[in-house]
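Look for chain A in each of the two complexes below; its partner is chain B in the first and chain C in the second.
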Partner chain A sequence: MKKLLSVLYVAFMCSPLLIVIGAAFEPQEILRFPPHGLSMKWFTRVLHDQAFLDAAYNSLIVASLAMLLSLLLGLLAAYALARGDGRSRETILGLLLSPLIIPELVIGLAILQMLTLMNIATDLVVLVLAHAVICLPYTVRLLFNGVSAINENLENASLVLGASRAGTIVRVTLPLMKNSIVAAALFAFLISFDNTVISLFLVDSSTMTLPITIYNYVEFSLDPAIAALSTILILLSCAAVGIISSVSGLDNVGPRK
Partner chain B sequence: MTAPDDYSIELEELTLGYGERDIITGLNLSVRRGEILSLLGPSGCGKTTTLHAIAGLITPRKGKIIIDGIDQTNVPINKRNVGMVFQGYALFPHMTVFNNVSYGLRIKSVPKDEIHDRVTRALKLVGMEKFAHRKPKELSGGQQQRVAIARTMVMEPRVLLLDEPLSNLDAKLRQEIRDDLKRILRELSITSVFVTHDQEEAMFLSDRIVLMKDGEIAQMSTPRDIYNHPANAFAASFLGNTNFIPAKLLRQSADGSVCELNVIGMGRVMKGRATHSVDASQSLFLSIKNDRVNYTLDRLTFLELQGRAGVSTMECQVVDVHFLGHVSKIECRAGSQSMTVLRPSAMVSDDVVPGTTIYLYWPEEESLVLSA
Partner chain C sequence: MKQRALFLSPALGFIALALFVPFAYLLFLSFMGEGYLYGEPTEATLDNYAEAFRNPVYWESIVNTFRIGALVTLATLVIGFPVAYIISVSGKTWAALLTVVTVLPLFVSVVVRGFGWIIVFGREGPLNSLLRWLGLIDEPMQVLYTESAVIIGLTHLLLPFMVLPVLASLRAIDKNIIDASMVLGSRKWDVFLHIIIPLCAPGFVVGSLLVFLHVLATFVLPAMLGSINIKMIATLIYQQVMIIGNVPAGAALAVILFVFTMLVFGLIAAIKAHLNFDAKPLQENEAA
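Let's look at the complex of A and B:
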């Protein structure tokens, strides 16, 4: 029974993806499933399309930088929250998690308006900062749990043995929260890489990200190119998760307790 | 009179606290060189806070911490060179035993060869040299404790602090590791301060016990003295195995040591010995260790004992009898006064059953007069 439910669950989750993957092999210029034939031509087309390649490159840059930034800020915040004296911990945590509750549409519009008022043009830096804002709730939460799960006496032991606070963090705390850091990085990267709504407000022709390019493309043409691109993205995500899971064990990734 | 340099650790007028609350106020304590001292008390008495202050994990609000004659009050934790074995041992789980023990030396950038020598020596000292390449989770509790001690001792600390070293072990293992710890501490002959809430552990391991209550020292003495001559009712009850009889002071001998007391609730007079000063205006207790009380079931013997000088007697009903192996515990009651008697099981006859009338007697000098 349990097995059957699991199979049904996986089927339910994956069937839309299978349809997209199937549609990518359609030889005609129609997006349909099942495909009437088997062709790789849309894959070739997508991989040679300069617009898609530029957008993918942009997305990669933005997601990487947003990941690094939100990871760094998240670590600092998480450590302070977990090891500080606890005053206003809930308030600060709430504030840092608040981008989760506010609709992205509102955040995007607000940032755009603010930038207009300040006379700042939208560019890559703005995009990275905006993405870091929406990544931060995930990194803070995951890293906060990561720090909290570490027995404080391990840090105290390091201090008593002569290590400085910074040395203790580098030698003891960070290695012990490796799994949380990997999880937080993965989440931050994917959230930025997938983001459409906020990007919609903040991209210009030189900073088009992949989701926006796909979005624009689908507006005018519905051919299997988009399915082929999606298939590539699905495979890349699977590869990323696979690599992480084999390196650090995905079972241990994610918030503990 | 001990010279000041015979002390390893001196705490002077130490005030400690967290947030708005002071936990310890004006604590004075001196630890002799080479002695094993335990801070004993119920949770919240400030014993762990005191230990953390000596280690440098918290900064005192007032007062001084002097180690080996040098004021350490404002020396940061990582420059203090005290050794500490944490509750649960706090071995770094991501490092091997060797790397755990070499951690402090690596921080100090000690040359590689020297690290190897010193770590090997420290591991030999605790008999763990064969386990250098294991991870902590592959070790038993006792082995982890040995590694924790080695990790501390390799730094050649001036004093060794141990925070509840046995609290996270199950009862059987605890005894085994307790024996082990005593042997190791004796061999190291380093000034050691440890914190425990277990009076048996404290008596077993320490040269001197500091009994603490509500941030103050309730009594400080050798295990034998503190058990036999508790300074007050708290000390007597915390060290355990004590019967308390509430009483009021009637008369006190000139030197104050022999008292006559009116036993409240029994309407009779009993004699007792005061080893510490008592305040007659306060409510007092007669305290008699469970194992100093004897009994008889024979009424004639009892009547004869009653007439004898220097013997206290009490007629009770048996409430329950607990067999604990080598000893048996007899719970009995006289009116509202409950009494517990601990006798070797071989001396307790099968006739002692709930409901039996039992006659208790004990030497008068075993009745200690204590303030609450």
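Let's look at the complex of A and C:
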């Protein structure tokens, strides 16, 4: 019974991904599973398509910068919340986590209208800032848990023995919370890299990201090129999961209470 | 720590400028007439909000969103709890495998998964082949661009948000409580019903909260798998703003969506407080 349920669950969770991978090897210009043959031609086509390459470049840049910004802001805030006096901690935490409660669509729409009002063009910087808004709750929450989990006596010992507050943070606190920093960074990166909804409002033809490219493409045509591109993304995701599970452990990554 | 305010201000300032100010402006827009952004002078009005309840298309979208939200939450509960339970009692290998399978899709972009389902649900796709092979249908079924497609896609998308919090709750259960209960003569089923389920309540609530909130605001999968057939609040907002160009109407719908989200959030927080209260006598017994 346990085994049967497990197998069914694995099949359900993996099927859409495995089917995409299978369809990418179809030799003809038909999207189907199982493929009628094995061909790499769609992979070659994707890797030589300038539109796809540009989108991949934009996605990488935006996700890296959004990750750095949300990590920095999140680290400062998480440390202050966990180690400062508890004054209005719940309220401040609530404000910082509020992007989780406000639907992404509403965030995207609000930022777009604000940009229109102020006559600011939508470029990659705008995209980075907007993505950082939705990454911030994840970094704050994961890093706050990370700091809170550290035995404060270790930091006090360092302070008593003469280290400065800054020295203690750099030499004691940050190394002890290494795992949550890695988890927060990867989480922020992927939240941005995979984001579709906010990007949908804020990209134009020169700032296309990968998810938007796929989204637009699927609306107009269905051929194995998108399956090949998706396969590459799936393999990259598998690599990310591999890295996380080796440095941190997978159940540290998921949504927390 | 004296520099608390200094450490907090960058994040708070950022959220205020990048989120709260634009949100306030959106709120303002929602009270303006349709022509406001095109330079027509308009006065503050509640028309955009009244329209949401007067216009049957708007109203249908709202009802649809809640129905789909409830169904998906239920589906993730029904599938997610057994899975979390199996993970919590399985040996290392199985537990690790099931955790990877649960977490892995989280790292794959939603458009990729939507695309995967488009292939699965196709008229000649694997789902129809399977059902025909099983002898359940004779003719291929139209699944793509129906509500079923959206519900299946969303259940798959949001299962991790149910499994992981429930699993965390299961793992946090003090095994001594279960042992004590068994020693004192409880049957397995009683332990399950009166100890494991109540102690998992925070996980259920958090999981349901996450799943429902995601469904309320979800846009990409319903747009990909339901196309124009499945009307939900989010798809309607996008249409109003980006296609029809009536920003104030879209803004009002966005504010309504936000209020719904807050209401659900408050409701679930209240349930959570209530459940925590229920779990207390157990801890007191343990202490005694």
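In this section, the second predicted complex is superposed on the first by the 240 of 257 C-alpha atoms of A that agree within 3 Å, B and C clash if a C-alpha of one lies under 4 Å from a C-alpha of the other, contacts with A are read in each partner's own complex, and residues count from 1 in each chain.
The rule is simple: contacts are C-beta pairs under 8 Å (C-beta built on N, C-alpha and C of every residue); 3 or more make two chains touch, one makes a residue touch a chain.
Note that the structure is predicted; figures quoted are calculated from it, not measured.
In this overlay on chain A, chain B fits alongside chain C without clashing.
Contact with neither chain B nor chain C is seen for A:Ile181 once the two complexes are overlaid on the shared chain.
Applying the stated contact rule after C-alpha superposition, one finds that A:Leu31 touches chain C and leaves chain B untouched.
In the superposed model, A:Ala163 makes contact with chain B only, not with chain C. By the touch criterion stated above, A:Met208 is placed in contact with neither chain B nor chain C. Looking at the shared chain after the overlay, A:Val172 reaches chain B, while chain C stays out of its contact range. In the superposed model, more residues of chain A are touched by C than by the other of chain B and chain C.
Touch criterion not met for A:Leu71: it reaches neither chain B nor chain C. Taken over all C-alpha pairs, chain B and chain C come no nearer than 10 Å in the superposed arrangement. Residues 85 of chain A lie in contact with chain B in one complex and with chain C in the other. Remark: chain B residues 19, 55-57, 77-84, 86-88, 90-94, 103-104, 107-108, 151-152, 155 touch chain A in the complex.
By the touch criterion stated above, chain A contacts chain B in their complex at residues 85, 151, 153-154, 156-164, 167, 171-172, 175-176. The touching residues of chain A, when paired with chain C in their complex, are 2, 5-6, 9-10, 12-17, 19-20, 23, 31-34, 72-74, 76-77, 79-81, 83-85, 92, 95-96, 98-107, 109-111, 113-114, 116-117, 129-130, 132-133, 136, 140, 165, 190, 193-194, 196-197, 200-201, 210-211, 214-215, 218, 222, 226-227, 230, 233-234, 237-238, 240-241, 245, 250-251, 253-257.
Only residues 1, 3-5, 7-8, 10-12, 14-15, 18-19, 21-23, 25-26, 29, 37, 79, 82-83, 86, 90, 94, 96-120, 122, 124-126, 156, 159-161, 164-165, 167-169, 202-203, 206, 210, 213, 216-217, 219-220, 224, 234, 237-238, 241-242, 247, 250-251, 254-255, 257-258, 261-262, 265 of chain C touch chain A when the two sit together in their complex.
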